[in-house]
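We just call them A, B, C and D in the order they show up, numbering each chain from 1.
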Amino acid sequence: MRIDLQDVTVRFGPVTAVDSVSLGIKPGEIHALLGENGAGKSTLMNALFGLVTPASGTISLDGKAHRWASPQDAIAHGLGMVHQHFMLQEEMTVLENIVLCAEPVGRFGFVDFARARSRLDEIAKTHGVAIDLDRRVGRLSVGERQAVEILKVLYREAEVLILDEPTAVLTPQEKDRLFATLKSFREAGKAIVLITHKLDEVMEIADRVSVMRAGRLVASSSLAETSKEEIARGIVGGDLPAARTRKQLSPGETVLAVDGLTVARRGRDVGPVSFDLRAGEIVGIAGVSGNGQAELIRALTGLELVRSGSITLCGNEIQKLDVEARRQGGMSYIPEDRQRMGLALRASVSENANAGRDDAGAFTVGPFLKHGAMAQYARSLIERYRIRVAGPRASASTMSGGNKQKLVVGRELSRNTPLVIAENPTWGVDIGAIDFIHGELMRMRDAGHAILLVSTELDEVIALSDRILVMYDGAIAGEVDGGEASRDRVGALMTSRAADALGAASPGAAA
Amino acid sequence: ADKFFVYVSPDQIGVNAFLKLGQAGIEEAGEKYGADVETYESRTAADRLENVNAAVNEGADIVVLLGFEFNDIVKQVAPTAPDTQFLIVDQCIDDRPDNVHCAVFREYEASYLVGVAAGMLTESNKVGVVGALDIPFLHRYTDAYADGVKSVNADASVDIRWVGGENPFADPVRAKEQAVAMNAAGADQIFTATSGGDFGVFEAAKEKDFDVYSVDVNQCPNAPGHVVDVTLKRVDNAMVQAIGAILEGEKKLTMALGLKEGGVSTIALEEDELADSGCLIADHPEVAAKMREVAGQIEDGSLKLEDPMFAK
Amino acid sequence: MMAFDAGKATRSALPWLFTFLWIAAIILALLLFVGAPVGEALSGFWNGAFGGRRNAYLMATLSRSALIVGMALSVMLSFRAGLFNIGGEGQLVAGGLVAALVGVLLPGPPLLVLVVAILAAMLAGALWALLAGVLQLFMGVPLLVGSLLLNYPIRYIASYLVAHPYRDVQSGMVQSHLVPQETWFAYFPGTRLDIGILFTAVAAAFALIYSYWTVHGYHTRLNGLSPDFARTVGLPVRRLTLQTLALSGAIAGMVGAIAVFGIHHRYIDGMLVQPLYAWTGIIAVLLVGMVPWAVPISGFFFAAVQTGAAGMERAAGVPKEIALVVQAVIILFVASRVSGALTASRGDGDGHV
Amino acid sequence: MFELIADPSFAASIPRFVTPILLAALGGALCERAGVFNIALEGFLLVGAFAAVLGAYFSGTPYIGALTAMVAGMALGVVFAEFNVRRGGDSIVVSIAINLLAAGLTTFFLRAIFDVTGAFSDPAIAGFSPIRLPFIENVPLLGPILSGQALPFYLALLSVPFLHVFLARHRLGLRIRAAGENPQALRAGGVSPKRVQLLALIACGALCGLGGAQLSIANVNLFVENMSAGRGWIAVVAVLLTRGRPWPLFFIALLFGAVDSLSFRVQGLGLAQQFTDMMPYLATLIVLVALSWWRARRAKGDAS
């Protein structure tokens, strides 16, 4: 099925997210869609899929124009989408998730699960994507979940597949399996749209490349007619920032010592984990999410109880202290979830900036607040970290994601503590902001702070870390020196059972 | 009209026969003495105060207050409103100013008589009584009834229970369950003083086939063949009489109405109503006779009853 | 503080107008349904809420709002801290009961008795609220459920105490003895409005200062907006929770004391429960989206709706029950606008995470 | 004490206490599972009780009464959905308003239609009569519980397994669960979660309406203001406690009904009425504490 988008424009209030974009997608091709954060890729695809209604423009399938009333319409016409944030019901089984919204019904609207099972058997045979249908999705790994998403699309007999950043969360091995599956789809004559930020993947698999910037389509050509550099220039609208060089420093004394730490977790405890972190070094923790990194961090920061083991910060045991005491003892924390943990979105920028400050005297008199001093401090952060926001009184929710992240990073780094724990500090922010945040982390390291960097973004860990610890199944699977790290090396350590999820058709990884 | 009477109820009037009688009384008085009348219903303690204040504020000549709930309020408001006359029906207060009048009833006399009937009619030697809520006022019914039972049948046991709950004066569901439970425990004569709950007790009587007694007005037709007798309380008469006296300039009027004054009664004592009342007591002349005998003793003072409201 | 934005105001004026028209239409329909004279009903409503000889009805409204606003302030402190304490009723009863018992039982100079009684009432309210907090923090009973359930035992305990050990036998009612007359709150000269409203005013001033200008208020607000955030930046979440609940309960307890010393002069069974002071307080707070300065106004508004409805009944024979319907309709339309707006602003941003 | 429990009238009274709570709680469970935090069950029950009397009075048959109650409950569900689901009003605010609205409308129409306040009772109100189950009624302990009850009780009993299967296997049941857990995903699948929530609220209204009918035309034959008398709140607690799962809900409702029924029977033992009135609430608190303690233990056990 051939898709044509003609002059599609999508507006959200005053924002024009997609500005008069025309794009063609042919059957039997993998069409990569690239662009900065907020460029409008997801919105464009959401419009194609009926999740948002375009202000103008037409969508036609095989030359016939359509208007979707809902995604159901689009699905009925053979479109399928795998959203970046998985659209799954954790409490339900795989089977229930797959049939949801496309239920084969028998009498009185009861679902005919047997019929669904036999259909899925067939699909497993043709495309080699299979997974235990009776497991609860909440218990699946990320890769397995993605398999469920793909099964959902296949189950609906989609002719067109839209995948929004499917590889961001996969290990290299899992990615290979996914790509193998995509190639089998291409052979079957399906049209595939692949949104990604990773140029290497585009070079590896795409047939055609389109680039968006600020809502407009700036380039669209077949892969053969373009180059990696050209695409990159198209994305950022100029030249790329120069690669970062790391100053060689000799690490100082131990700031954080973790010894035999175990943390309770449903199913199986995390740990025991032991490692040291010294002043002036960045230690990265890599791993597929769900392998215990989150629990480890929560235990270090005091958000969760430690089951056993010790944590020593600047010579003091802190495993029994609460969050406040640990922070005062020299720890700062940039949480991964800025919306929920990093900021109180409905509070003002100033209120957010001053939270958790140690120097209470600077903005209080007795029990009262000095609003002026608080605003002043917020303004200083805004300037120093180049945060784009109306002012200290603006609600934190009015900032874009990158700016929110800068505020969190700014607030935490300005505490100047010996230890900084940064969890996915650049998750979902665009190239400019990533560069800035990386720069700040390096600056802190050079100034002699110890930084624990936890990231699911392998490239980030490799680029910044002096040492890399890889976590797998609740324990540290290995350590790699920053200088010798490569994607494959670290990726191999991250190997997980999840790699089997996409079936035996693709080259397997040793488990 | 040149006069204005206001009747303030202590609670929702609803199916509360007693409060309805008050409304009938004020209307009768209004007609008789040529006055405009209005009824202000209260739901809560705060409403009562606001309603009394409003009655004064609207220029009422006589404010009739039904129930002991108004004692504090009258004490507060009456001295500040010398031009308004206050009539409290059902209770009296000490140290009254001149413009506060009382008409009270001795309900326990009638309840005692009903107890006498129950004591004579019980076959299981177990009788019961359900009150809406364990409050002193309702002991005038429950305790007096129990005393009446014991006076003729010393062996009988009396089960006293309360509706309680969120909505004690209007919870027929719980009232019914109480009656059913007492009946299951053996009680065959059950007295109900539960306001809105009475209907629940009647239903239980119909289902489980036992005898019931009730209060305030003739409720026998509500459960034909099951209601033995009811106590009567002539609030309307009392009101009309008292208002007449107040209009004649009486100060600090006090009326106490019991069997003797015709303020309270039972169907058994009303020989002209008895036959058409639909009450079972009509079929038990010997019981009715005994009740009349005891009533006579109470009226002539040879039998003295304590007011159970002040017991404890 | 919620910033006032003129452009936004004009944009949102139209929906507000529609909201208003809807409410007016529903009220009108109800009035027509009972065949009430609309003009008389409305003037009766207005007079009943704000009029009367020497403003007697306005005083009644103020007297009622002293309690409603007090309860609203109590609720506001909890809600802004993200604590869904709907046990204000129990805390109110605890306060009223203790105030009355201290007033009756404690010998001594009246002023001392009064001060001790009010402090004891605040303590009682605070402790009852803390109980709900302890149940949540240490026994896993959600605050919403725990605080609601705790309303009942205290109500029955109070009922039992004034029905049995501390009953004023002479009165024939389920009520305590009168507190000494010397401890009664004075009336404002020439009115039947007691000075209890001054306590509410002080509580309001306190609550406003607390919410806008104190460190504790700032911290609890952050905790209310995002408990995860508060924990992450190291605020002592448990302590804040308990302190806020105690504060909230203390204000509710004080309101109970105001009702005792200002209005009823004793504890009467049901006097604090039946008029739904606590629930009205909750509604008053939610109606204005927990914005502190608007809470007293909102509380006064609901008091006026209630007394006005009584006036409407007197003047035009319109059932007072209409007041409940009117309140419900106002809440539905207005609160769904307000909280809808709040949810919308909650969800924006770049959509990540 | 033992006598009390062995008493067949005690057993027979349990269903009368359980049915309104159970039906309301099942309705609440549907909302809970659909992601609607509906704590207005009290109001739903009340409206059902009133409408049942209205229907039964004018039609002369309890079936029309129950039907009227269900329709009225469904209408209230639509109102809830309009303000909570469609206009996005806070669910607690909307719930409180719905409770007020129910209290106001029932008293208002009581006065406007029947010209009484407080309560309405009339022989013309046709109530349900008990249904005798031929063989079961002779079974010793279960007989008095299962036989001789009114229709809503049997419907409530059947609803429990039905809802269990419905949520597990029915198309709408699946979607209701999805709307509660991840509405965004449902929307991406092309089904409007708001529509699903509306349907859940309507079904909740029907169940609560039936529960109200049990109160007003099965337990007794009359309507009294505020007749639900806290039963809706107990149902809310039951829903929160069981997270809307039908079977656990059934047992919790059974427990509450039995405690409630028992509580004022123990008055016969001389306990002050205030303390017996307290029992259901204390029992609830105790169950809550015990349950969370047990959950905490189990979670711990799980981890080690």
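Everything below uses one rule, namely that a residue touches a chain if its C-beta (ideal position, glycine included) is under 8 Å from a C-beta of that chain, and two chains touch if they have at least 3 such contacts.
On a predicted model such as this, the values are computed, not experimentally measured, just so you know.
Here the largest set of C-beta contact pairs joins the chains C-D. Computed from the mean C-alpha positions, the centre of chain B lies at a distance of 36 Å from the centre of chain C.
Centre to centre, using the average C-alpha position, chain A and chain B are separated by 75 Å. Separating the centre of chain C from that of chain D, both taken as means of CA atoms, is a distance of 29 Å.
Averaged C-alpha coordinates put the centre of chain A at 44 Å from the centre of chain D.
Listed for chain D are residues 117, 272, 274, 277, each touching two or more other chains. Shown for chain C are the residues in touch with two or more other chains, namely 163, 342.
Touching of two or more other chains is recorded for residues 41, 133-134 of chain B.
Contact between chains, using the touch rule, shows up for A-C, A-D, B-C, B-D, C-D.
Per the touch definition, chain A reaches chain D in the complex via residues 50-51, 70-75, 81, 83, 85-92, 96, 99-103, 105, 108-111, 113, 264-269, 307.
In the complex of the two chains, the chain C residues touching chain A come out as 3, 213-216, 218, 221-222, 225-226, 228-236, 342, 345-346, 348-353. In the complex of the two chains, the chain D residues touching chain A come out as 165, 169-172, 174-175, 177-178, 181-182, 184-192, 299-300, 302-304.
On chain A, the positions that touch chain C within their shared complex are 37-38, 301-303, 322-328, 333, 335, 337-347, 351, 355-356, 360, 364, 367-369, 371, 393, 395, 397-402, 404, 427-428. Chain D meets chain C in the complex at residues 79, 83-84, 87-90, 92-94, 96-98, 100-101, 103-105, 107-108, 111-112, 117, 233, 237, 240-241, 272, 274-275, 277-278, 281-282, 284-285, 288-289, 292-293, 295-296.
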